[in-house]
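If you scroll down you'll find the structure; I have some questions about it.
Should a chain be cited, it is by its letter among A, B and C, assigned in written order, with residues numbered from 1 in that chain.
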Amino acid sequence: MSPGPSSKGDDPIKALAAGVASPDDVLAHAHAMESEAADRYHELADQMEIHNNPQTAEVFDKMARIEQIHADKLAAMCAERGVTRRPPWEYRWLDPEAPEVTPVEEAHYLMTAPQALKLALHNEKRALAFYETLLAGSPPDDVRALAEEFAAEEREHVSLVEKWMADYPDIDPHIPEDPDDAVAH
Amino acid sequence: MTAESAPAFAAKDFKSDIKPVWCPGCGDYSVLSSVTKALAELQTPPEDVAVVSGIGCSSRIPAYTNCYGFHGVHGRALPLAIGLKVSRPDLTVIVTGGDGDGYSIGGNHFLHACRRNVDMTYIVMDNQVYGMTKGQPSPTTEPDWESGLVPGGTRIRPFMPLVVALASGANFIARGFSGDPNGTAQLIAEAIRHPGFSFVEVLSPCVTFRPEQRNWKHETHPAPVEATNDRGRAARRLATDDGFNTGVLFYDNRAPYMPPVDANLTDVQQFDREFAV
Amino acid sequence: MNTSDPAAQAAETITVALVGSGGSGVMTAGDFLLRAASKAGWYGMMTRSSGPQIRGGEAAAYVTLSSRPVDAPSDRFDMLYAIDWKNAERFSAEIPLDTASLIVSGEAGATVPDAFTKGGARIAELDVKALLKDVSGGRPNMLALGVVCTLMGIQPDAVEDVLESRLGKKGAMAIESSTAAAELGAKCARDLPSFPKLSTPAQNGPEHWVITGNQAAGLGALRGGIRFVAAYPITPATEILEWMSPRLPKVGGNLVQAEDELASINMAIGASYGGTPSLTATSGPGLALMTESIGLAIASETPVVVVDVMRGGPSTGIPTKSEQGDLNLAVFGLHGDAPHVVVAPTSISDCVFTTQWAVHLAESMQTAAIVLSDQALGQTISVIDKPADIAFATRRLVADTVDESYNRYALTGTGVSPMSLPGTPGGQYTADGLEHNPRGTPSSTAEDHAAQMEKRLQKIVEFDYGSHWADIDGDGDVAVVTWGSMTGPVREAARRVDPDGSKVRVVSLRLLAPAKPEWLAEALDGVERTLVVEQTHSAQFYHYLYSHFGLDTNAEPFHRPGPLPLRPAELEAKIREWTRQ
C-alpha cells in the first residue's frame, strides 16, 4: 500500500528524513509534486469550466501554469542528473498525495475565485512545510542545499498568492447556495 | 537510469481530452487518475487497453481515457468485457462502474464474472448511492439512510461486495479509497498484473448526495495485516472488517478462464461432410 | 376416394407416426427410418412431439418420406405405429387418420383409443413382446423400424447401413440385436394389411443432406464468418449452440456459456467490438431479455447476429412447439428508434443461407440482425438437396490506419463508417449507447441526434439487398404472401392447385425489416387477391404488411396460432376457391 496513510502515525521529521535521503530523492519528490500539482490544477480548471464557473477556472488555470513552469524546470534538472520518474506510490509524502496537490474533494462547483486562491495558498504553505520538515531532520549537505532552494521558491509562491489575496481581505468560507436541485440523468 | 530510457507513456497519455462531467469534489476524478497512473506504470500502449463500463456516474470513465472504450448498458459491463477479452486475449481489459451498476442490476454478472475468472480487472467506485438519478439507495447503502424513494431507509442489510467476490471465486480482492489515489493506483496496477479476475472496490465519495462521506478520509486505514491467499482466513477477515480496511486483502492463483483453442484448424467446408447422406 | 387396395399403386409421399412411452425409443426409430430412406435416395422430414416429462414421457415421431423434396407437414397420416398406447391420446390432434390409414398396435390386447379409430382407419396388431422373446437385446422400436421400412419398400440394406453407422459407438452386440429385431419386423410386415410402397426416388440427383434447421443455422453462421458465440440454453434454440460449440474451436473461434441472456447478448457485442463476428441464439423469452442490449449494438454500431428460434408464447408459452409470434418483438421490440435488420429463413435448407446472409448484413452495415427461425424449422430433421455454398464478400468496414481526423461515427454519406478495432494505434474511441457526435463523444444536441439517427437508418434502408429480400415463385393474379416456416405449406398448397405456377404467386419475405413496400408492390404487381399466411393468433404479419408495406386492403389474413402445424390442405381449399373465380 501507499506509504502515505501508513506513515500517519510516524514522526513526520523522521519519516521524511528516511524517505527523502538523497539529492535524487529530493529532486524526484520535487518534480512529482510540481507536476502533479500542475495536473490537478488543470483538472480543477476543467471542472470549473464544465460547471460554468469561469472566474474560479481562471484561478486554477493560472496556478496550473505557474506549477507547470516549476515542473518543467524540475524536469530539466531531473533529466540532467538522470533522475527518473518513480511509481506514484513510492514517493514518501506525509499525506496520501504530494503536499502541493489540491485534494480532489476540496473542489466545489460553486466555489469562488477567492476561495480557490485560499486553497492555493494552503497548498503552497503545505509545500513549504514539506521542505521545512525535511530540513528539520538535519539532512546531509547536498539534500539540505536542494531543500533550501526549493523551500525558498515555495516561499516566493506563498507571498505571490498572498499578494493576490490582498484584494480579498474577507473571504467568505461558505460555498454559495444553489437554489436549484440537482439534475437527474 | 538515464533520460533515454524514459518511459514511453505518462499518466496523461491515458487521459482523453474530454472533460468529465462529474461534480467537482467527486471521488471518481481520483479513481480516473489512479487508473491512468497505474496504466502508465504498466506501460501498456493505450490502444491495447479497453475500458468497459455500464451506466452511472463512474461508468463515464471510458471516454475520459485515451484507451479503447465501451460505455454499454446498465449493469452489463462485465459480460461485454468478457466477450471482448475471450475473443481478444491480447488486450488489457478493465471494467469500471459503480455500486448500483455492479451489485444491483449487474449483480448476477458480478457473481459469474468472479466464478469465470477471465483475466481482467473490475474496479467498482462505491459511493453507496445512485448519483446519476439523484440519490436513491444502492445495495451498499446503510439500511436507515433517508431518501425520497425509500423514506425511512431501505431496512435492508447492505450487500458485502468483497465477501461475495470471495465466495464467488474472484482471484484477487482489494479495497482502495479515492482519497488515496496513489495507493489506489498501486492496487489497480497489481490487480491488472494479477492473472484472472481481479476485483478492486474503491470507496469513492459522492459529495453531492452523500456529503458525509467526506469523512471517509478519517475512517479508511491500511489493512493491519498482510494480504492472504488463505480463503478461510480471508472469509473471516472480509466478513468482519469495518469496511474501511484498504489494500490487497486476498489473492489466489486459479488459472484464468479461456475457452478451448483447437491447434488444428480446419475449413468450414469440412462440416458439410457430416450432413451428406 | 380411397381405392380398395392402396398397395396397388406406389405413393409419392408417405407419412408415418410412431408413438410410444417411457423409453420405447420412438424418436430413435423415426430418426433411423428417415436416415434409411435417405440412404435409399428418398427425401423426407421428421418432427417430434412429446409430453412434458424430461425422460420417460410419451413421445411421437412424425416421419414424411417422399420421392420429391418435402417442405411441409402432410395433411394426413398413412400409418400410425404405436409401440404402446400410454397417454397416446395427447397426440391425436396431431395425427389425422382416415379410412386409408393403417394403425399398427404393437401392444397385444391393448385397446386402440377412440380418438385414433374414429376416422375409420384399418387396425392391425402385433404381439411384439412375444415376437421379441427369442431375440436377445431386441427392442420394440427396432422391430417397428423393420416393419415400417418393409411396408414402405425401403431396402433392408439401407436399414442395415443406418444401424451400423448410428449404433457403431454402442458396439457389435447392439448392431446385431437391432438388426435381428428389424429383420423380425420385416418378416412380420408381410402378414400385415397391404400398404402403399414409396415410388422410386430419382437417382443421379443432387447430393442429399440430413440436417435440422438449427444445425443449418449454425452452419450458415460459420459460413458467414461467426467466430464467437455466447450461449444461454433455451428450447428450441439450444441445438444451434450445441452444434456450434465443438466446431467453433476448429475454425479458430469459441463459444462461452453465459449466465443469462442479458450476458450472452452483451458478450457477443463485446466480442464483436473487438473485431470478431459474433452471434447468440435464443427463443422468445431470451429475445425479450436481449432487446435493451440489441439497442446498444445498434446505437454503438457494433455488428451482432441474434437467432430467435420461435416457440409458442407469450411468456414460457409452449417451448416445444412452433409459432411465429415473435415477429412484433423482433421488428418493434426495441426502445427508441432503432433501425435494424430482421430476416427469416424460408425453409430448413434456407436456414443456412439466411443465417449466413444475416451475418453478412450485420457485418456490412455494422448493426444488429435478428434471424427469426422457429421450432418447426429448427427442430425438424430433414432430407434435403445439398444447400448451395454461397460466398458473400462479407467484410466489416475497418479503419486499418487512422490519423488525427479519425471519427468513429463519421457521416460518410452511406451511413457506414470505418470502425477502428482495439489495438489500432490512434483509433481509440468509446463505443457508446449514449447518443454521440461523429467522434463518439456523448451529445444530446438535436443536430447530433438527428444526424446519427439518420446515419443508422440510411445504411439499412439504402443497403443493396439484391433479390434475397424474398423468395417469389409462380405467377398469376392470386398471391399468397407468407414468411418463415409457413412457406413450406404455402408452397405445397400452391403446387397442388397450380403445378405449373401460372395462377398462384407465392411471395415469402426473407427480409422482414427494414420494410420495403416498393419491392412487395412490385412483386404483387397484377395480383387481384392476396392471402397472407402466418402462424400467429393476432395476424401480426398481416398487420405489419398492412401498416408498413402498403398491403392492399383486399388482402385477407389466414392465421392461426400454434401448436398444431398448418397443413397444406387447409390452404389448398382456399387457394383453389380463389383461382376458380
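Structural remarks
In this text, a contact is a pair of C-beta atoms (placed from the backbone, for glycine too) under 8 Å apart; a residue touches a chain by one contact, two chains touch by 3 or more.
Keep in mind that what you see is a predicted model, and the values were worked out from it rather than measured.
This structure's chain pair with the greatest number of C-beta contacts is B-C.
Comparing each chain's Cα centroid with the centroid of every protein Cα atom identifies chain B as the most central. Mean C-alpha position of chain A lies 29 Å from that of chain B. Note on chain placement: the centre of chain A and the centre of chain C lie 68 Å apart, centres being C-alpha means. With centres set at the average Cα position, the gap from chain B to chain C is 42 Å. Considering their complex, residues 1-3, 5-7, 10-12, 19-27, 29-30, 33, 37, 41, 132-135, 178-183, 185-187, 189, 205, 207-209, 214, 217, 220-223, 246-248 of chain B touch chain A.
Of all the residues in chain B, the ones that touch chain C in their complex are 16, 18, 45-48, 50-52, 62-63, 66-73, 75-76, 78-88, 90-91, 108-109, 111-112, 259-262, 264-272, 275-277. Those residues of chain C that touch chain B in the complex are listed here as 35, 38-39, 207-211, 215, 219, 222-223, 227-228, 230, 247, 249-252, 254-256, 258-260, 262-264, 266-276, 278, 292-293, 295-296, 300, 383, 386, 389, 422-434, 440-442.
The touching residues of chain A, when paired with chain B in their complex, are 1-2, 4-6, 39, 43-44, 46-51, 79, 82, 84-85, 87-89, 91, 93, 96-97, 103-109, 111, 181-185.
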